[in-house]
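Below you'll find the structure, written out as structure tokens, and then a few comments.
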Amino acid sequence: MPASTAPESGEVSDSDLVKRCQAGDTRAFDVLVNRYRGKVYAMTYHMIQNETEAWDLAQEAFIKAWRAMPNFKLDSAFYTWLYRITHNVTYDWLRKKKIQGDGEFDDSHTDHRVAAGAEAVARHEPAPDTALKNAELGARIHEAIAKLSPDHKQVILLREVEGMAYEEIAEIIPCTLGTVMSRLFYARKKLQEMLKDTYENAL
Amino acid sequence: MKLASTLALWILTLGCVKAQQPVAPPVESLPAVKPATDGKVWGALVYATNDIKGLTGSTEVAPIDFADIPGRLGMVFPFQRFEILGQHLQDVFREYESWVVPTKDLFLKVDSKGPADGGGMNLHLQFWRDQQVLVKTDAVLKEGSPLFIGGPKWREGQLLFVLVLQKSR
Amino acid sequence: MKTPSEDHDLIRFLDGEMSDAERASFEARMAADPMLNSEVTMMQRMSADLRTHLPAEMPVPYADFFNSQIQVRIAQEEPVTLPAARSSWLDWLRIPTLITAAAAVAIGGFMILQKQNQPANNSVVHSIYVPNPAVQARSFHSAEAQATVLILDGVEAMPADRKIVGFHVERTESDQEVATTTLFGESGQILAVVAKDARNQPRLLSANPRG
């Protein structure tokens, strides 16, 4: 079970907490916030890579979840539902940012022009120390992720970071399984292009 | 619009390089569709001090609608003189961020969060000093009820930021 | 050129979404195709690195405040969002208790929540976030001045020799395509342009300093 933080033995289940929330119990919601805030924050942070904005967005996601709680039928796992809300909140933010002209991503419509259009992340001289190398690789990965479109970022994060199955990703976005696979393929190809120096040297 | 801002940036770049040309010439803006707005705010940076000799000599005067602001500042901050150093009347855009920049040194980013119940605007504000954000706040701004921000100390006094929602006309 | 189904095969193999038979068939293809084999190896390494460098869970800064602010906001919304949910008169006690408790939370003095019982025509500060832990913020309403006041204590003083550059901004033009706002003065001259740097922080290019 990839992204779910299944309650440990003795803990109240998500579905019980949801029912208590639906009865107006804000303390039950606080437990859910505790349980998932780290994951929601990680997702918003990876998507926008700005600590304070990610903090605000994560909070906004929980508040929207509370507002939508009366309509949640428990027909999916709570975390899947919460991640869908987080996705929407983050996506809206990115859309607004793009409207404002900050758009650092420009590959929204280039699914089939990966190799030609992909921009390589600047190559850095390898550091002698392994820790430094790791830090450098981490920085390059963040840099490459930042250059992906929101759609591609989302599928990569849901799959690679959250470890979600295709069906779960399709439910969150929402889209078809085919779209999930296509987006994953092109997102990986773009990352591969951007990080090719790293891997070509290593292989 | 794009041409105007590009031209502005170009002029500013030249202005920075050529100190002998301190005043940028007027620029004709191109016709453009005005973005939707939720209201208008007036922002001012005020130097509060008891040291009359230390006043900067700024000639800025508050618009008539906000002429009572210096007096009201005196009811909150323990100073006798309130000198407006800069002021800015700004539309608050519905979809985009707005900047209220009465001075180069302290300025405000304003994001509309829509109309507030009973009038006024829900706002997200970020108070910036150069490239450092001093405070972020969610606030409701109502007509006739200004927001005073007590900022950093400066010389013998303090810098204050005033934000007021202009009455709808 | 590969077909979409071949692309899908590659990622389904990488993600372990193939049946045993499909997997065996794909591995046979890899054995016969060094380029495909190399691509799979590279993508597998990349996936491993992504998982290493992008944690699925991260500590939330000021986590207690994160929760308490949510509690305050949902308490404020509760009568609107969940009208049928209030089942006990005791619940009426919960809302002010929550608000009071949350407002009392001051995480290292960095963040403060506000819940002000003010007339409807007063401005209100709902929440404050101060990134610098050396700075403390508080807000209150001054009935005398009929103003809402936000005080920042501990902000580094502006150097005395710094000349404050004041503007009289008559109008602005925002260019959303390049994310700039141009400030114009009383005579139509350009005073400054607000742009943003790569870290999304404002950069103010001033043309006409004075004051």
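As written, the chain order gives the labels A, B and C, with residue 1 at the start of each chain.
To be clear about the criterion, a residue touches a chain if its C-beta (ideal position, glycine included) is under 8 Å from a C-beta of that chain, and two chains touch if they have at least 3 such contacts.
The model shown is predicted, which means the values in this text are computed figures rather than measured ones.
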item: Chain whose average C-alpha position is farthest from chain C's own; value: B
item: Most centrally placed chain - per-chain CA mean versus overall CA mean; value: C
item: Whole-Å gap between the CA centroids of chain A and chain C; value: 15
item: Separation of mean Cα positions, chain B and chain A [Å, integer]; value: 37
item: Between chain C and chain B, distance of the C-alpha-averaged centres to the nearest whole Å; value: 23
item: For chain C, residues that touch 2 or more chains besides their own; value: 129, 131, 175-178
item: Junction residues of chain B, two or more chains touched; value: 96, 133, 136
item: Sequence positions of chain A contacting 2 or more other chains; value: 52, 99-100
item: Residues on chain B engaged by chain C in the complex (per definition of touch); value: 1-2, 4-6, 8-9, 11-13, 15-16, 22-27, 29, 32, 35, 45, 47, 56, 58, 60, 72-73, 75-76, 84-91, 93, 96, 98-99, 101-105, 107, 109, 117-120, 127-155, 159, 165
item: Chain B partner contacts - residues on chain C that touch it in the complex; value: 120-132, 135, 137, 139, 142, 144-152, 155-158, 160, 162, 164-170, 172-178, 180-184, 187-195, 197, 201-209, 211
item: Chain C contact footprint on chain A (complex, rising order); value: 3, 22-24, 26, 29-30, 33-34, 37-39, 41-42, 45-46, 50-53, 55, 58-59, 62-63, 66-67, 69-70, 99-102, 134, 137-138, 141-142, 145, 156-157, 159-163, 165-166, 178, 181-182, 184-185, 188, 191-192, 195, 199, 202-203
item: Residue ranges of chain C touching chain A (in the complex, touch as defined); value: 4, 7-8, 10-12, 14-15, 17, 38-39, 41-43, 45-47, 49-63, 66-67, 69-71, 73-75, 77-78, 81-82, 85-87, 91, 94, 98, 129, 131, 175-179, 196, 199-200
